[in-house]
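Down below are the structures I want you to see.
Shared between the two complexes below is chain A, which pairs with chain B and chain C, respectively.
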Partner chain A sequence: MKKQIFHIDRRGFIAGLASSAAFPAAIGSSVGSAFAQGQTPKHGGTLTTVAWPGTTYMNAAITTSGPESFLSPKFFDGLLGYDYGMVEKPALATSWSISEDGKRITFNLREGVKWHDGEPFTSKDVAFTFMEVIKVHHGRGRSLFADLETVETPDDLTAIFVLSRPAPAIMKALDGRESPILPAHIYEGTNIMENPANTNPIGTGAFKLASYERGVSIVMERNPDYWDGDKPYLDRIIVQYIPDASTRTAMLESGQADVVFLNFLPALDTLRLAESPDFEMVEEGYETSASNHQMDFNLDREIFKDARVRHAIAHAIDRQWIVDNVWHGFGVAGATPLHHEQRAFFTTEGVPSYPYDLAKAEALLDEAGYPRGANGVRFDLTIDPTPYGDESLIAAEYIREQLRQIGIRLTIRTQDYAVFIKRCWTDRDFDLCLYTAAMGADPTIGVQRFYWSKNFKPGVAFSNASNYSNPEVDELLEAAQVELDPEKRKEQFAKFQQIAMTDLPTLPVVHTTRATIAWRKVKDHTVDAVGALGNLANCWIEE
Partner chain B sequence: MNSGSQSLIARLLRHPSGLVGLLLLLLVLGMALGAGYFYPSGPWSLSGSPRLWPGQNPALPLGTDSLGRDLAAGLFHGSRVSLAVGAAAAIFSVAIGTIIGGLSGYYGGWIDDVLMRLTDAMQTIPSFLSAIAIVGIVGPSLVTIIVAIAIVSWPMIARLVRAEFLRLRTYDFVQSCRIIGMSDLRIIFTQILPNCLAPIIVASSVLVATAIIVEASLSFLGLGDPNAMSWGTMLGNGRAALRTAWYMTAIPAAALVLTVLALNLLGDALNDVLNPRLKERS
Partner chain C sequence: MSASPTSATRQTAVPFHFLSGPLPRYVLRRLSQAVLVLLLVIVGSFFLLKMAPGDLVDVLAGNSDMTAEQMAALRTQYGLDQPLLVQLFLYMKRLVTLDFGYSPLNAAPVLDVIMQRWPVTAILVASSVVVSMTLGALLGVVSARNAGKPIDLAISMVMLLFYATPSFVIAICFILFFSVFLGVMPIAGFATVGTQATGLAYAWDVAKHLAMPVAALCTFYIAIYGRIGRAAMLEVLKLDYVRTARAKGISERRVIYVHALRNAMLPLVTMAGLQVSALVGGAVLIETIFGLPGMGRTAFDAVFERDTNLLLGVLFISSLSVVVVNFIIDLLYMVLDPRVELT
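What follows is the complex of A and B.
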């Protein structure tokens, strides 16, 4: 990661000042790491964190939005957890097996698990959650579990998924964030979206809701009957909702917050604090929420029907420069439609890379029949950056400058979020559009939607906006949807990455990464692939 | 008033705040005019490595922003946008305000009632918030921003002009114009208006300053024209780096402060110079 460092002395002084004011005792004793190997976790303590925006619900089975994704896993468990590399590990299911033909997945459930209200957890809850809630109300679940015909419950501790065809991607979407298990006895026979338990959660999770002030704060307290040994270690987790990013920084620095997850600080503040010995920055634990910032070419535009024009634009944009200067190092230069954290499938082997080369870009445009006019301009284009955060707009400003150098006059259009979504995915009134999208725990969940011709659906946000259609790509994506052999799936996605980058309907700009920044006394907040989007049951505070 | 522009400028130059204001404003005007000459590649070109502090590279005396754009180039080109928006918005709102205030004051009666209630209604709306709303709905471009600022700032001029018209229309010279059969429009534009130019000029200098600030605030909030580099755009860009590179915010902020100060000083001086009752004092 490239960092620009100026005036370290003054900055170190300020950071030291802030920490000494808040924690006189912590100075000098802050040795060790968040991964406290060999240290014995201690019970007790309150973990305070800050976030924004506030939440609408407390479970993520009925929504895919961000605040719920963070809260839900604390109150609710999933069938599975995920170790680094998205390797399945037990949670509410202790073991599982997939039939030969891939159409039956049997989960053996954990014994003795109780809901927060004392009722026992059974296979009925699993069947109800998937069939009545996630298949109906969850944004991604609707398509991901489309092939799930029924969940059989031969006894209280066995749940069998019956599929109309194999769906290996399901196995990566069973954690407490993506598919939290809800209590059937609370939700059955009610209007699920209106159920009061949506804001007063009754789960099996490590924490219970203690108090909730809408838009201000949430206090969770330890679930003493949690099934996982003597976990959780923390007595309490407090989430405070703070709209201003600089205020969040000040709260962390002054000790009013212990940890900040999910890039809720300005990137430059995170980097500044990371240099201080009192803080530790961790970039792991965000595998389930890997996101790409990408640029769609509207292939309905005559000018983009020629691949050379798309290639020329790719050659003119130095993606590494964008990573270094717009994302401040929190990312990797865009290389393929997948995200590098999709470790099992991501590959750059044999994938065209379009290195930064203005001369080549100009040559391609000349070849495509777009010479520079008298005023040095070849043609005009517009770009629509996402009006969410600053990065997209700043990246668009950089792209405009780069395209100017190869003779393309680019105009930036800004609008509010609703207009942006409507323009790109309903009206299709754009040339280039720039946005961040979650790539999902599995490429079938997050990547396929942008490249699959059957997902060209005007009116559906984050579908195939470029109107890309290549039968070979369709075939590969559909085969990978149902392929059970991991090696074969890997080959299918490798081939897909090569073709998609050759056709280039969408330019992957940045594979973004996220960071957690915490006081060093906070231990074990990130221990697996889901990190802060897990239950934080392993997290403890050293005093 | 009829002592000629020559002596008006001479009197302004003798006035201490007038002199300072005029010089500062000339400096900013010089920047705006010279921007294309000094920085022909425009304010957006990536001319150095990002986040250079002022003085670190002699070729880029004011440093660069987070993308490596020359802050000096931004300052020069930004002065064009800021001044143009300020001036255009002021002209627009003076035009609207003068017409509404003039008609209201000259005719009185139900025209006055209708127009003044409209003005009152406009004044109850918080002006900056409604500017945000207008730009938010129509979409940010220089023209919308100018129109939005004009729409929210004309009531002040309208009330000022109405008061002047109410006073002047009873004067003998207006009465005599009526008697010789001069048309209403001719009386309004050739007789009364020239006699209330002084307060309008003073008010518009303040209006230009306010318009520049409103444009900067809108851009700071991300509602500026993304294709025009103004000082507000620079402020907004530098905001994220406030803790690590404060110069990115301080430099355009200083330019804004000086320009607004210049306009206010000039306004004060004009008030003193143009107001016959205060002539002895200046």
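What follows is the complex of A and C.
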């Protein structure tokens, strides 16, 4: 029953993308109430989940890598949490206020919170974490908190962010996944990256580490002193790292795992299990990990300096076909540089959409002065799909066949991950490159990096690979970085989406979506915007 | 074979034989060969891995957003900014003191990672050698004794099936049947995660976890041992000493399993050496399917992560294991056949 609701929702919101303003509220409310309605959570039980690859660390303050993003919020809290639609809610901070000029953010901290080792949590931990760890070691934090000058700590339960200029995106990056608060008394005066606590976490979080076998498994046990009422409900969470996707499916299907988050099963297996009454598929709870699959045009190539060529290629690719057949419905056809989960800013209004139209594509190429040669070929190009998962390669094969129809001969180059990264971002030896990238909880965090001319940084992975430079776009992105008025920010991003899709340095191919698939006895694993990337303190098992 | 008085005296005579002249010389020669092999493995794989574009820091930066400064600092920290020969020299210098270096993606010293993975591979390989050799030899003997009869034909057909079916297909069939359909076997890992069991209960838990992977690794080798065993047995059964044994009125069972089998084991032992070498690094597929963190999977991941320290460490220990096993097998030849001499 519930499963069907979600099916309709997913198909429905693919179809109704144009009316993007309508869906967030609808989905948010249906999930919030549909789940475990009227049931009282029970304590006890072990939740087993499977994932891959294994983790390096256990906190996400020093890395933005995937495995840590999942583990960190279980062991560590952030200052804030996020309800559906990225609405801030209390976590370690019980209340907060932003000054008129946006340069001072005051957090009132929760009283009586203890670290797993019994030490009290204070404002000193907050100051230390942001100034010494996140600003220095966190990939996104370095730029996001660049304007954070200091964190004042007038008393143990007050932390004040002092900024050189306003930075509204910060408010969306304070959860236990993006900015977990680390214990100052463990890390102070040590080499932070090599501190043993990185694999033996001491946090304030709902779960403590019970045992860890590198690359194999992690066992967490309930933190009985957690500050959030009688939560968490689960006694233990077990994460088993399983490299083979089919084995992960077998684990879930045989009941040796209870839940699989983050699309760790093959899409077709997820859909097959979702048909069974024993399982429930949920697509909510991934607002902070929204990712786009996108294709960069290397604008250093003479041929791509003409926008008509880029537009022609966009017209030749049926993005909905890719969503339906390559992503098996787990996505929305690429429409703008943002992701539709960035609900406050995502808009398709006035944004060029490049509908699938081969005749138009051919006309544009003719117009641009690239007629078909004697053999029917206009010119040759290469494409480098990311060697991460199968989808990118299959999408590239589809694109090759599409471009062949408009007279472009496309060669697919496959390589392993290290070669791919080096080729596209260091050597810049590519025509088209195709990859998935996180768009962040806020466009300033995740989207700006691909379009901002100041982020054209050869050698840095996932920087502006197309070498796109448009002063107007730079201005809009920079203004949105410091704009406090949500309405004005919305306008800035709307304008940005229009220009970026007109210039089209990057073609958004798929706004990917993720799914959680669980045995029905697993309740309330997804209750807010961060879902599985939260602390799972609400999750319980019905026996 | 040890039941026979003659072979018993031979067995005690053999170790005695070891202590005299040829053995130390032999060990020394094998040792110098081993050092050369290890050196070639290290230097060869070092350059092969370095020839691949992209380095560890590219991979780290691809997984986790980094600035150019962070990347440069990491390259300096890991010594990746040094010329290749300097990097190799520094690595060899550390290796002499048995310092295998650090694996950033595991956030642990390479030796710790290997010490965690090696036992998994060792148990996996040892169990599959023992199981496949025993079953293979048994089937080979039964086939040879019944050569040309229906039972020989049946065994041949089963072996052909085992020989032709890839181990990963068998592995997936096992999982689907025993775990998903019947729900009786654990699918992944070396033991139940977080188990408190000790002693026999723990051994039983491990055995249950390893049953399917070991069986999947065995099928191909059962077929190999079976075919070799059958051929060797047929050959040996025609020899004069077997006829002599029979003429002396020794029971057929004894002739087969004591007199003939011992001789027929020689090619099987040779095969065991090859099997060990193949499985130490070559069980990647089985390790992947059953989520077993062995040496093969570790090396596989290290290549894609450009983790030179880890890859070289794994290859070093794996090659060392193979060299040692082959040495033991050479000694085993002498136990089985006293005519074999050390040279």
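Keep in mind that, in the parts below, the second predicted complex is superposed on the first by the 509 of 543 C-alpha atoms of A that agree within 3 Å, B and C clash if a C-alpha of one lies under 4 Å from a C-alpha of the other, contacts with A are read in each partner's own complex, and residues count from 1 in each chain.
Keep in mind that, in the parts below, contacts are C-beta pairs under 8 Å (C-beta built on N, C-alpha and C of every residue); 3 or more make two chains touch, one makes a residue touch a chain.
Just so we're clear, the structure is a prediction, and the values are computed from it rather than from any experiment.
Bringing the complexes onto one copy of chain A puts chain B beside chain C with no clash.
By the touch criterion stated above, A:Asp244 is placed in contact with chain C alone, chain B being left untouched. Once the two complexes are laid over each other on the shared chain, residue contacts for A:Gln39 go to neither chain B nor chain C. When both complexes are overlaid on chain A, the residue A:Asp416 reaches chain B and chain C alike. By the touch criterion defined above, A:Ser95 reaches neither chain B nor chain C.
Judged by the touch definition given at the top, the superposed model places A:Pro266 against chain B, while chain C stays out of reach.
Look at A:Thr502: by the touch rule set out above, it reaches neither chain B nor chain C. Of the two partner chains, chain B is the only one touched by A:Arg400; chain C is not. In the superposed model, C is the one of chain B and chain C that contacts more residues of chain A. In the superposition on chain A, A:Asn325 makes contact with chain B only, not with chain C. Taking every C-alpha of chain B against every C-alpha of chain C after the fit on chain A, the minimum distance is 5 Å. In the superposition on chain A, the residues of chain A touched by chain B in one structure and by chain C in the other are 246, 415-416, 419. Of all residues in chain C, only 52-55, 58-59, 61-68, 70-71, 104-108, 112-113, 116, 172, 175-176, 179-180, 183, 186-190, 193-194, 288-291, 293, 297-298, 301, 304-306 touch chain A in the complex they form. Within the complex, the chain A residues that touch chain B are 4, 6, 11, 246, 249, 266-269, 272, 325-326, 387, 390, 393-394, 396-398, 400-401, 404, 411-416, 419. Interface residues of chain B, counted against chain A in their complex, comprise 44-46, 50-51, 53, 66-68, 136, 139-140, 222, 226-227, 237, 240-245. Here chain A touches chain C in the complex through residues 48, 50, 53, 56-57, 63-66, 139-140, 142-143, 198-199, 210-211, 213-217, 219, 236, 238, 240-244, 246-247, 250-251, 253-256, 415-423, 426, 457, 459-462, going by the rule given at the top.
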